[in-house]
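Heads up, there are several structures right after this.
Heads up, the next two complexes both have chain A, just with different partners, chain B and then chain C.
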Partner chain A sequence: MATVSLKGIQKSYKDTEILRGIDLDIGAGEFVSLVGPSGCGKSTLLRIIAGLEAPTVGDVRIGGASVSGTRAADRNLSMVFQSYALYPHLTVAENIAVPLRMRRLNRWQRLPLIGGLLGGDASIAADVRRAAEMLEITPLLDRRPGQLSGGQRQRVALGRALVRDPAAFLLDEPLSNLDAKLRAHTRTEITELHRKLGATFIYVTHDQVEAMTMSDRIAVMMGGRILQCDTPARIYADPCDLRVAEFIGSPRINVIPAEADGAGRIAIPGCALPLRHRGRAALRLALRPETLFLTDRAPKLRGEVAHVENMGHEFVVQVAVAGLPSRLVLRTAMPATIGQTVSIGFDPALALVFDAEGRRCRDVTVCEGAAA
Partner chain B sequence: MMFTQALKHLVLILGGIVVLAPFAVMLSYSLKSPGEIERGTGGFFGAQAPMVDAMCFARNQPDRAALEAARADPPGQSDDVILDRLEAERRDACSMRPAVFNYTKAFTEAPLLRYLLNGLIVTLSIFVIQVVVALPAAYALAKLRFWGRDAAFALVLFCLLIPVNAVALPLYLGLAKLGLTNSYAALVIPWTISAFGIFLMRQFFMSVPDDLVDAARMDGMGEFAIVWRVMLPTAIPALVAFAIFSVTAHWNDYFWPRIVITGDRDLFTPPLGLREFQAGADGSLYGPMMATATIIVIPLIAAFLLAQRRFIEGIALSGMK
Partner chain C sequence: MTQGRTALLLGAPALVLMMAILILPILAAVILSFTDYSLGASGIRWVGFDNYGRIFGSSTYEKMLVATATYVAVVVPASIGLGLGAALLIQSLSRGAAFYKSVYFLPVMATLLAMTIVWQMMLHPTIGVVNRGLLAVCGVLPEGVCPAEMPLWLGDRDYAIWVTCFIGVWQSFGFNMVLYLAGLSGVPRELYGAAEMDGARSAWERFRLVTWPALRPTTMFVLITTSIRAFQTFDTVEVLFSPGGGPAKSVYLMMFAIYEKGIVQNLVGIGAAITVLFLISVMALTVLQRRIAERKAL
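The block that comes next holds the complex of A and B.
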């Protein structure tokens, strides 16, 4: 377990810039997710940490020491790949033993046939058994990867990563090849594994649910930059960029165009709000689906129900409001019928205000009793 | 539907007959007596009537000691009777079934076992060195990023287009200048770098997921360890396919050994051995010649039958991942 810190990492292939300056400090034993849409550079960043790619500019430090120029094998990191990347010709036990054999045995002991006579395998076999027991794959040790299901292969890949004691674990979308049910289950298991091992985990995913449920901190990446790196709670409740607000949370956050007049009074189409900005500006108001509610008392928006999803414990209702570019989505316990006209209210204090470029406006104040 | 199926089979059967007919003739001749071969009688297996080996008969003229011994047992016979009896004994000793004659001739007339051993040494040396060269080269071309990689691969493709016969003379001159003609080296060295092998393995390695290579790097392997410990085991089907191409080509090669092996019969490969039976003073010995040919192709057929399943896998390149 060690700290990992990135300083000014840039990466470009020919004319394409993949990473545009990444700074990130990861504490020892921390679980950090790199999350973002595909093509945001998160996998490239992980490969740079691993040493599988070299950054164009910048420095990677593991445990305080710079590892630029150190090859992947010598960085003492473990990685779990999306495709698991198990050696197809080796049994499960042999697969898990590979990192130990490469590190603990000398050249002669690794030779086939002769190597067995020289010994040195006892500690390896014991460690493989320990890892297999931790992941409950002991019965599979003699099988080959081709005979395993996706979930079992995933466990073997985890086993190969945790059989030794690396400085950090790197996980590259390890759950994306599993079906939904298994994914939820494995999510819990990886989180528990992290608690048990107390090791540093760096987890790449495009799935914001995985990032939200597993991490100590989330780094939201887009366009080769980290937009925000914070705890899941802060990322959800207090995003500093509209793109972060839109990426995190399901159903997606509602965005309503708003305007501040010369006096800084903020209004959305058809309704002035008790919010004050420092001056005239085109703004955007973002509202989580759970902050909207159906009401008849002093509604702020009116629209027609366009679609209803019954989730069992609640209804997710899409409302088409005249003058808004996209439908509003809200959660409600009451059923709504399609075509019904409804009135929507929200607490202005819960609205997240962004400027035209999508940056968060933090100098918005709520003035009590000033509602129009 | 039925008709197209039947047509397909018909075409395949005709093709099979065209390819197999010379084999059938070879096998049949290797079993028949010279007379049957010349007259075209005896069916596939020949009558297998005992025949007298003329050379054996001529070689074993009775010497004085044998004559004296025959005269003493029992004593008092005329010389004609004794000579007739000895000749009959000689004829008996030298008569055998044509099939036995052909196959024993194949081994006694020329050192066929030596030739087979030479063939084994040469083809195996060529194949092993080809693999040692082609695997790292193919790995570099498929999985490493370096300046000039595409140009290097284009050169490999270009090498595929060069016919062997075109460069035979310069190759021979080079070897002769180095004083390497009439040696195993002359038979092996020109074939150690196989453009086809590099190309075939490179295409196969392209289909191996990059993650597997990266996983091996994370597990602490160097690039050469990756080639031998990860790529080689996953490439076994492709390697078997390549082995069949390489071993067949060099086991059967007549052209190149004929050029570089000029005097030393101890270095003859099996195809050169076939020449031993070519028209001498007493005409071609087709029976033993075909027996030799049969013996030469048997190792290849056996190897193919053993590797057949893997070979087809290697060509289809399926069952991976």
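The block that comes next holds the complex of A and C.
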């Protein structure tokens, strides 16, 4: 395991800028997710760390040493590809053995017939067996990838990555081809694997749930930049950019247009709030669905129930409020009927305030005792 | 009416056509190969295996078998190897690929008959461009390096079969190249990334680990079609060595022998016997290749 640090990474293809300056330090043994919508450059960044692509500008350091100019094969990294990229003509055991054969055997030992005569390295078979046992794929060792299910292939790809002891593991959306149930299960397994190995993991995903549940830290990427890199808890509760707030969390965060008058008093359509800004500004208020509640006492918003989703343990209710561009989403234990008029309340202290450009306004104060 | 009968009835037209067009002619050839039939003759006599006996007994037919085997054994591996090599080189180009594709494919598009006539002129012992070129080069080299006389490319039995093989390779590798280019476009790109991460440093390692296994179905197809086409070669021999099949019958290829015996000399029985032999060779080769492919595939 080793540290990985990125300094000012930029990448462009002809006129298209993919990455616009990425700085990131990943500690030894840390699990960091790169998360963002498709096209944000996260897979390109991973391929640059791997050495499969070269950055236009910038430096990659692994274990403190710069690896610019070091080819992928010599960077001592393991990668799990989205399509698993197993060699279809080799058995599972042979697939897992490839990284060891390439590194431990010389040119002659690798040749098909002569290699058998020269005798291989007995440690390879033992290491393959150990990796297979760790992932519980020992019964599959003699099969070929074509005879395996998606989940089994995914395990083989993991096996090929962890059979040797790399400086870091790179995972490129490894769960995106699995069904929902298997995905949740494998999520747990990969996290436990990380705990067991104590190795550095860099995990690329477009699924914020994966990022939230697995990582030590999440780097949210958009438009070729890292918007915020923080622990899952802080990314969720204390986002520094509206795009981060909107990307992380399901159901999506509610955004309400707000305004601060000359005295800095913040109001949303139809209701003044006990919040103070430093001056006149057009603002946006973001509220997680769980901070909204249905109430009859001093409601802040009123609207009509437009849609209800029964989740079993709770209801996710969409409420259309006159004057708001989009429906508000909230969670409640009480059933609501479509068409019903409801009143909504929230604690203003839990509202996240952003400016017109989507930057977080951290100088908003809550005035106690003000008219709520 | 039962379902089975309906199926038979619906399938009947296709079955009848298949019998009439595909199976019957082959059966006819097999039957004729056991007779002394010739076109226009009043009688027809059953001669058993006499025709086959003659093929394996006489030196003419022995030469035919040797020439055909040599031709197939040279042209098939050479045109497959060159086709694959050209495809790999063209695929690695960032520009100019279309140019090379067209150039290498030209001999395939041009009819072999016309091209062979050109080759015949080029290989002429005195006025041909090949020997003139060699003479010009020899003029520059010190004495003793070049032989005193330029080869009679088509008249010397040591050269004739190799010249024919060369033309065969020259003509057919462009086709294999196109098939391999199609095959290469189907190799998953991520596998090359995986091979690099796994430590495959050289292009040869990546070829062995990713490209060659992925091209196996293409290679199978290329091998079978090239073999069949090599067995079927006729135009070159007809243009360069008709009648007779070259100096000392060294280029007496099977297809040419069928034509010469069955059509020119009107010995239909013998022609049919060679045809049957031809079919068996092609069939055996194809089955063998399929067997090998299936055993390796799983």
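By our rule, the second predicted complex is superposed on the first by the 370 of 372 C-alpha atoms of A that agree within 3 Å, B and C clash if a C-alpha of one lies under 4 Å from a C-alpha of the other, contacts with A are read in each partner's own complex, and residues count from 1 in each chain.
Operating definition for what follows: a residue touches a chain if its C-beta (ideal position, glycine included) is under 8 Å from a C-beta of that chain, and two chains touch if they have at least 3 such contacts.
It should be emphasised that the depicted structure is a prediction, and the values quoted were computed from it without experimental measurement.
Asks: Please tell me, clash or fit, for chain B and chain C sharing chain A in the overlay.
Replies: After superposition on chain A, chain B vs chain C: clash.
Asks: Which partner does A:Leu141 contact after superposing on A: first (chain B), second (chain C), both, neither?
Replies: Neither partner.
Asks: After superposition on the shared chain, which partner residues are touched by A:Arg71: those of chain B (first), chain C (second), both, or neither?
Replies: So A:Arg71 meets both chain B and chain C here.
Asks: So which bits of chain A does chain B touch that chain C touches too?
Replies: Common interface on chain A, chain B vs chain C: 47, 50-52, 71-74, 77-79, 81-83, 85-90, 98-99, 102-103, 160.
Asks: Enumerate the contact residues on chain B facing chain A in the complex.
Replies: Touching chain A from chain B are residues 209, 211-212, 214-222, 225, 230, 233-234, 236, 320-321.
Asks: Given the complex with chain A, which residues does chain C contribute to the contact?
Replies: So the residues of chain C touching chain A come out as 188, 190-191, 193-201, 205, 209-210, 213-214, 216, 298.
Asks: State the interface residues of chain A toward chain B in the complex, per the touch definition above.
Replies: 47, 50-52, 71-74, 77-79, 81-90, 98-99, 102-103, 160
Asks: Note which residues of chain A are touching chain C in the complex, please.
Replies: Going through chain A, the ones touching chain C are 47, 50-52, 71-74, 77-79, 81-83, 85-90, 98-99, 102-103, 110, 144, 160.
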